[in-house]
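When the chains are written out, they are named A, B, C and D in that same order, and each has its own residue count from 1.
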């Protein structure tokens, strides 16, 4: 505990492992809600898919903890690809693998590196799935989040504040999918009937970014390394 | 919704254990979720691999065997399988003649099979792909996910399977599979919504007295809801939706497919009405298959798939097949 | 309850029209309601005729063909057919070697087949009968209607059909059919009640969270209601109910049968659990058949039938069969 | 119209044809109710079965009217056997065929002949189905009805009054099936759970006897020949 200004969290492999553990817990808690969102415009499995993937990834990473931030993300991505299936498995898997790769083998990550890595991951999602913002997919949360993160860092904000901005942007992005007509994924089959429902993938993306912001806050406050 | 299951988490593994005891002619790898012909790889033969979410049985596992698939990869319920399964299946069935992935056009299936194809090629397996997208209920455009793969999958797997069994090379098996897909169109209706084990209740509300037109096979609602109709009226809407897009010039194969909970008695009556409509539209029907083949768990309803055939495709359709779900001549 | 039908009055005729278009290998007389093998009467062969109420498809019409039935008589839904149908069927399949009536033990079926046997004999056809009564859920006594015929019917029709196909004389076909019946026992559970077209709503109330043990195949409620159980627990109750009565000393054929609306995915999982229980009870399973074979319209649930076999019965079970509902080796 | 004491109805072929037409109408009207009774302890088809059979029999008899009472009943029985199926088809078919045969070829039927014919028919049902009163079947309406008819005739009652007594006995018999546990027919599969429901076949028997009593009353009153 200290009254000095926050030194900014140490973003190392342990940071991302804490993120993964917390993400798995949040996904587990919210899984039914995600599946519920996937019912009217999808096939009622997004929560189950995410829970299966994150539980497996957490288990594997805890068993054999990777040593670098890049490896934590890349291996988490690989586990998601191997266990989730569906659309979200390859997409989230690619997000994390590309982000991990972008981090290279540095032991600690700067805010700018994190931003670039997330951007690389989100680009990977866009490339793989062929979707763009406004198509009512996870990109509607991810793209504004990365933009908000960038913007805040450019304005001189610290990582904690920048991630808090990203969290809000992701949440707003997820909410903003409600009036959209889906053009990609299963919801697109519904045409106009997809309007009026929040996209499950955008919702899980907002959850995952929220956990990232929490992890940064808690890492700085508690100094847990 | 009551279900005959243990816990939702194990339904796929439990079903695979059941397939293993019921079908000694298959190699069922419960842990890795791959169902393979016991005699695979068949020397010199192109290997056919398909897969997709579970809940559509007998598709795909029930179509593994002589004259159809060499292997199937069942995903979680209504969830595409993962690349690891597909790579494992490809390795198990590749005799050196290469492997054809038969992929229903859903984002998840496409992405996972694409990743698997890359990984399998890294392992030195020659992989070709065919995308099945026969569902006319979905508007096809470059800017959407495109048409879904539904009943046409059965025609692709059976006819390409017969070609492979006869020793056709990979390129030819792939081109026949594409031809079958391009010649096939489907349209489905639901009288009730489906309940998945994970959710435990219907995925959408379908009030008494209404039916849903243009449904998929994953509990996705359709594009339109209408007051309940007679079997004859439903047959007209369904067959006309297919014909509007297919405009067949030659005889067709007809699949009158139950979604799972519609009794065979009703399905045969529906088949009679579909035939009546086809006759009125001057479409000749070469063969008719009636039954629950591409299902959606406990959904009530039916779909019609027509596949326009020439003599060669008809010959391949009639060729022997010996699988759990489709069997004749062997 | 929404149904894929025109009007309740024509469901059976509509379904027969559908069978006619789907199965050119059968002669379907829609007006007189008789389904006959196209090549009947087969010279020198005993003719096998069965029938019963409709709503149990593929039983019996789906079991007409080489190696199984020569003709089937579908009654109205859940209502025994009338003697005229049976006499017509007997005349169509009698080659001079006589006809075996396979009758499920329900008052209606027994009375109508008895009348038909008299009438057919008046016409000079030699008729033998076998009564199928395999359902252990019903207490058997001289003072009751006795046990019902359910899943065991499939074993009787298949194995007696194989014997007849091989040219066995009437007396021997009848005695094999009796032996199969005596070696077969069934027990079924329902997760939902059935709705008939005539009534249009479930024939009994089955609240959420409860299941019905010992159900029949006509929407009759069972003898006991219990809180919902897992597939494993249901398999224990079901298999044990059968074994308590059968006490097999030899390997068994196992039929894990869906009642109509239970998805194949669940049924395979249930089959795995049934096998587990059988293994624990030291019962060897020679063959396992999983699917919707003796159904009850849109009822959700399953039954297990075990049939104790010697080498000869197993050989006849494995013999080729080519019908719409059951097919192998041909 | 007359104030003289009723001369008793003329029980000829036309009488039985009128009975059949009225019976078909009552069965048609009550079919849903009969099917409803057949739901909790049967297979929900008794009304549909009876409607199909009586509609067909009426149509056939109207097309080619048989000339004697015995032939009307016997042919009605044959039509029921050919069109009803189930348990009730052969049973009601036998009831009417046996009753018709017992009437021989007389052109008019005395009350005693009618009683004997009904008795022969009911005996036929008992023999074919192997049931006895108390088993919760149609016999629980038929047997007391024939007994009441006999008893009334023995006491010197006319046919109209005797059939009225039979009607009441049949109705009471049908009601009295409620507390019984079924020993025959489909309801027997339920064991103790068959208790507390009225037997559908006994109910339809009471309806048919009621129509017979009505036909006698109306034949005497209106003198329609």
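Keep in mind that, in the parts below, contacts are C-beta pairs under 8 Å (C-beta built on N, C-alpha and C of every residue); 3 or more make two chains touch, one makes a residue touch a chain.
Everything numeric here is computed off the predicted structure, so don't read it as measured data.
Undergrad: Go ahead and note the Å separation of the Cα centroids belonging to chain A and chain D.
TA: Those two chain centres are 77 Å apart.
Undergrad: So what's the Cα centroid distance for chain A and chain B, whole Å?
TA: 34
Undergrad: Indicate the whole-number Å distance between the mean C-alpha point of chain B and the mean C-alpha point of chain C.
TA: Comparing mean C-alpha positions, chain C is 29 Å from chain B.
Undergrad: Please tell me the distance, in whole Å, between the geometric centres of chain A and chain C computed from their C-alpha atoms.
TA: Chain centres of chain A and chain C, defined by C-alpha means, are spaced 55 Å apart.
Undergrad: So which bits of chain A are touching at least two other chains?
TA: None at all.
Undergrad: Of all the residues in chain B, which ones touch at least 2 other chains?
TA: Residues 77.
Undergrad: Quick one: label the inter-chain contact graph as line, ring, star, complete or other.
TA: line
Undergrad: Among the chains present, which pairs are found to touch?
TA: Per the contact definition above, the touching pairs are A-B, B-C, C-D.
Undergrad: Touching chain B in the complex: which residues of chain C?
TA: For chain C paired with chain B, touching residues are 2-7, 10-12, 14-22, 54-55, 57-58, 62, 77, 191-192, 208-209, 211, 228, 230-232, 234, 256, 260-273, 275, 285, 288-290, 292, 295, 297-298, 300-302, 322, 327-328.
Undergrad: Enumerate the contact residues on chain B facing chain A in the complex.
TA: The touching residues are 8, 53, 75-84, 106-108, 111-112, 114-115, 137-139, 143-145, 148, 196, 198-199, 203-204, 216, 218-221, 223.
Undergrad: Considering only the defined contacts, which chain D positions touch chain C in the complex?
TA: Those in contact with chain C are residues 35-36, 39-45, 47-49, 52, 81-91, 128-129, 183-186, 188-191, 193.
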